[in-house]
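First subunit A sits with subunit B, and in the next complex the same chain sits with subunit C.
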Partner chain A sequence: MSATPTEQAVTTQQTRSPRFSLGNPWSKPRWLTGVTWVYILWSLLPVLLAIRVAFNEGRSRTSIDGWSLKWFFGDNSFSVFGDPALQDALTHSLLLAGLAMLIATPLGIMLAIGLQRWRGRGSGPANVVALLPLVTPELVFAVGLFLLFTTLLSTIGLGTTAQVIGHVTFSMSFVVVIVRGRLVTVGPDVEEAAADLGAPPLAVIWRVLLPLLAPAIAASLLIVFALSIDDFVVSQYLASGAETATVPMRIYAQARGAPLPSVNALATLMLLFTLLALVLAYVVFRFMTRGEKRGSAIEQIASIDSGGGR
Partner chain B sequence: MSEGDIRLEGLVKNYGDVVAVDGIDLHIPSGEFFTMLGPSGCGKTTTLRMIAGFERPTEGQILLDGVDMSSTPPHKRRVNTVFQNYALFTHMTVAENVGFGLRYQKVSKDEAKRRVDAVMEMVQISELGERRTSELSGGQQQRVALARALVLEAPVLLLDEPLGALDARLRLDLQVELKRIQEQLEVTFIYVTHDQDEALTMSDRVAVMKGGKIEQCDVPQKLYEEPNTAFVANFLGSANLLSVEARAAGAGCDVILGNFTLKSESKPEQAGVGTAMIRPEYVKLEPQGSEGENRIPGMVEEVVYMGFHQDVRVRLANGELIRADVPNDGDSPEYEQGNAVAVHLRAANLRVLDDYPDQAADETSGDADIAAV
Partner chain C sequence: MQKRRIWGFLAAPGMLWLGLFFVVAFYAVISVGLGNINTLYQPIPYWNPLDWNFGYLVQAIESVIPGGQNWPVVVRSVIYITVAITGALLIGYPVAYYASRHAGRWRGLVVVLLILPFWISYIMRMFAWTNLLAPDGYGSKVLSALSIDSLFSSIGLLDGTDWLGGQGITVIIALIYGYVPFFILPLFASLDRIDQRVIEAARDLGAPPPSSFWRVILPMSKPGILAGLVLVALPMAGDYYTQTLMSGSPSTSMIGNTINDYIQGGPDKSLGAAMTILLSVVLLFFMLYYLRSLRRDQGEVAA
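Then we have the complex of A and B:
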């Protein structure tokens, strides 16, 4: 018999039981569902475990040991609100995140508008460069900034200013992506329409462009906040001493030194802040764009969420 | 009222090496409904955008009531635009959208409110004032866009394919309404479209554009009945195009089609080899052997039933294929493939075009002897 390999393959497929999903295109994709669930549980497990330890009664960070809130609020000097070092870290993290948010967002908006409008020579490379921080290894980026602030920009030096500049630099790319998505949704016509109706250039920006960008602006603020508060590498490299330690830095240091569940408590608080910022970003964006057709901007927010854990 | 007189002088727009508008001279008198008609890429929208001020002309002048405004920024031009996709401000209510432009005119609050109410009533959206624009249908959004532009009472209104995104039924309603509003306000309308029906039904005058130039500019009836070029003939309605030789004869000319000599009442710019045009509805089919001038024997090759008429394709004795629209009015005979007929091409309707033969050949290549839009 001279059956070609293709014919043989067809015959084997047909004889297979239809319950085997790989041979049956109409079956439910049980395999994929299974893999997805395993992944979700696996990725949540360590986080949940770490959170659970934060509520430990005992001092152990390696085993689950009763229930209490003492590592959060306990009056001993080891709880988050009892240990001045942990408190300072929290304050410093919030300060950095607040400043980064307030600086990166306006700059990112301007950059986004500029890139969106720029046609002609140089606009292509500029687009790539503006998004480069999204893919640059953070360590490379941090080492580079470290060298910059210790040599060329030694007048600024290491410390809070350098940390803020570092956070602003890498988080601006995210603002650019979010705002540009919105700019595409809004389209160039509304600005022309406003000018056509007699609005001078500044009025076009204040009364039309910025209000229409508001959802993206709100989302940007909160995502920059989340990115900054999460950051370890840049903060670590640009820190100048104990007073510029952030929460992730403190957690890292403590975990290597004398680990207590209070570190987990602090991490739990940070996780809460980050989640809150992201959920708020999503809700605000959805609220402000209610009634509009669901555009690509929302999907972009969703993709940023996953990028937030860089 | 003599405001709203637009004059374009030698208007040119280049984008790098690409010529979008290639020298347009045009006078649009006050209160005219003027349409720029053409396929995409013919330069009609670019011309409109230059009048609005969104694009700067490479060369030439744009005069409004005798004053050159080609270097006036858009927000200072007394010209308003209705955009193809409406470009409404989605963060404002309908009434806020309509009243937007009045903020930048020296108008009291009461006066502004009165004018917003009046214009919203005119375009029949009075009850929608507090709605958000995202809650409106396409037709309602179009009305808001129109009201927003009209409320400023500028002498010229520019409309960039304003009905393009609406369904056919709604388009017809709004065509009638646009025309009514234009006549009521006596505002100059400059209307851009690629839809020949819109152009024919609403306009006082139509400019057919092609390749950044005006191909022919005239009142709709003249444009339809007496096109100068094959492009215009094809773009407005459908046309039979025949390769002929024209010879001057008296007030009209003789048209040589193979072995046949036909009369035409048109007088081409130059005699010689060229293109003759006749609309399918003017091609009359008569029984085989009927006598008289401008009759050519032929054989029915194909009949397509089109509802209110039959589209009958007849192969003429000289080999050309010609299309005749035979009305389904109960009186006309029904034709079948293979019927022998005499085709009557009336001298009044047979028109020799101004195209040079090579130009005409460009546009009528292949099967486009019988070209329909």
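Then we have the complex of A and C:
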């Protein structure tokens, strides 16, 4: 799926002829296989169980107890769609993610193109500032925005606007990394050809560069969506009250309190949205870059987040 | 000339945004931390460096040195983070190594499964454990059936049998669980870049498998290991939610909890801001180290 044809050829050769296994530092890494699969099981099983509990018939949140959808859609006031607090959290999360996606992506694209080409005084610090949010602990980042919106920008204040601004700020750096990666892949040739043929800079960007960047733009949109919907710290610091609570905030507040599977149902819905966004990003990216020589799209998308700790 | 200026113009909106909401936001932390409070204990930021009042910063520094009230928290944070990144290394290295070099036809699936936890909300992954480790949860039952809880109690790592009742070990394991995926991926990328021919050369020149690992692969993956460890240590240093969800007890609180309590708790916002300044100064070195390695990787791709 992800190995390039040559890699696959090497692998088959290795299994067929023992001579080639000399290239293998450990010819039979059985324990490595074991460790890896145990790790994968350990990393995913808890989440799968939490999802399974969301479909419980009974009220238990710690054990599997029948099948039903009542914690999602039940007409009792404890289901996700019966409890206004849970339903509001879901709509608020989706609203923030949608807005963050629409603002962070264009800003990040322009920043990426600009930084890639701009070689003047100040471009060094600009590069550092554009990437610094990736490595700043989220708490430091959130404290900064919280103090900014309670002092200098108290006219904006805490609430939905502040939350959107916070999400845009941390996700813009991811867009920059994605788009710059694509710019490097595409290379300057086509763009230079267009400029040599007399296209003015704006036309080069609009008619040559943007179409070439389309896969990265699609991937950025959906990844910003996924980052925003999963965010907890920034949302919490910039919330102004119960009506600006997001899904992760609800889960956090009720994780050790209210013992009902409706929280699991809420978490399941959020996960569903994140995974939908990612699958869509992957499919679109694959579709738009079809026929190009490249590594696996999965790995490209994976490498995007190697800068974030959230 | 005009051609060149356009790149600056393109970057301008994004730079202005980051300038205001990242750089000025951090300046707000400095201004509050070096500011004062009014009679209602609300912070008054001092934006002018000439007005700066270093009282809170001094108070913050005094609290984190030996004998200060936050000294135990600092020691605990350093221990938790050190143990957690060591655990992440011991679990993550074999997994990343297998995925990059030995997964064969399973490689695609393994990579997808390794990426998945990345995209499941951290809070949800912790929440899943609060269900499992509740006294009647599956996790507690399995651990008790395997006598792991009594084993841990006998060596003093667990107090009683309630895994969620303020146990340091639970917080550490949760940190490992939470952050290992973020360690594995950059390491995977760096192991994947090692040329198979280099390893073959080592074997051809007579290196037995262990020494080709210790003397070729491990040194070549060292930058990836360091970058990965920094990448997971940074968010751990600001983590407060893992501790609240897994323990909630002050006896296991980390530096992130202290800052969170100061900022969101009430009258000590200025002190919290001063603590945030201290934390950032300590972490800045690691942040720049990681950025440098990130840019070095990008340079390699470009070349």
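Following the convention adopted for this analysis, the second predicted complex is superposed on the first by the 268 of 310 C-alpha atoms of A that agree within 3 Å, B and C clash if a C-alpha of one lies under 4 Å from a C-alpha of the other, contacts with A are read in each partner's own complex, and residues count from 1 in each chain.
The criterion applied here is as follows: a residue touches a chain if its C-beta (ideal position, glycine included) is under 8 Å from a C-beta of that chain, and two chains touch if they have at least 3 such contacts.
None of these values were measured; they are calculated from a predicted model.
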{"item": "Subunit C versus subunit B on the shared subunit A, clash or fit after superposition", "value": "fit"}
{"item": "Which of subunit B and subunit C A:46 touches, first, second, both or neither", "value": "second"}
{"item": "Contacts of A:140 with subunit B and subunit C, given as first, second, both or neither", "value": "second"}
{"item": "First (subunit B), second (subunit C), both or neither touched by A:256", "value": "second"}
{"item": "Subunit A residues touched - subunit C or subunit B, whichever exceeds", "value": "C"}
{"item": "Subunit B versus subunit C - smallest C-alpha distance in the overlay, whole Å", "value": "8"}
{"item": "Contact residues of subunit A, present in both the subunit B and the subunit C interface", "value": "195, 201"}
{"item": "Contacting residues of subunit C [partner subunit A, same complex]", "value": "2-4, 6-15, 17-19, 21-26, 28-29, 31-32, 43, 45, 47, 91, 94-95, 97-99, 102-105, 107-132, 134, 136-139, 164, 177, 179-182, 185-186, 189, 196, 199-200, 202-204, 209, 212-213, 216-217, 231-232, 234-235, 237-241, 244-245, 248, 256, 259-260, 263-264, 269, 272-273, 276, 279-280, 283, 286-288, 290-291, 294-295, 298, 301-302"}
{"item": "Contacting residues of subunit B [partner subunit A, same complex]", "value": "52-54, 73-77, 79-81, 83, 85, 87-91, 100-101, 103-105, 132, 134-135, 148-149, 152"}
{"item": "Parts of subunit A lying in touch with subunit C, wherever the complex brings them together", "value": "1-3, 8, 10-11, 15, 22-27, 29, 31-33, 35-36, 39-40, 42-44, 46-47, 49-50, 53, 61-63, 107-108, 110-111, 113-118, 120, 126-141, 143-148, 150-152, 165-166, 168-169, 172, 176, 180-181, 184, 195, 201-202, 205, 226, 229-230, 232-233, 237, 247-248, 251-252, 255-256, 263-264, 267, 270-271, 274-275, 278, 296, 298-299, 301-303, 305-310"}
{"item": "Subunit B-facing residues of subunit A, complex", "value": "187, 189-190, 192-201, 203, 207-208, 211-212, 214, 291-292"}
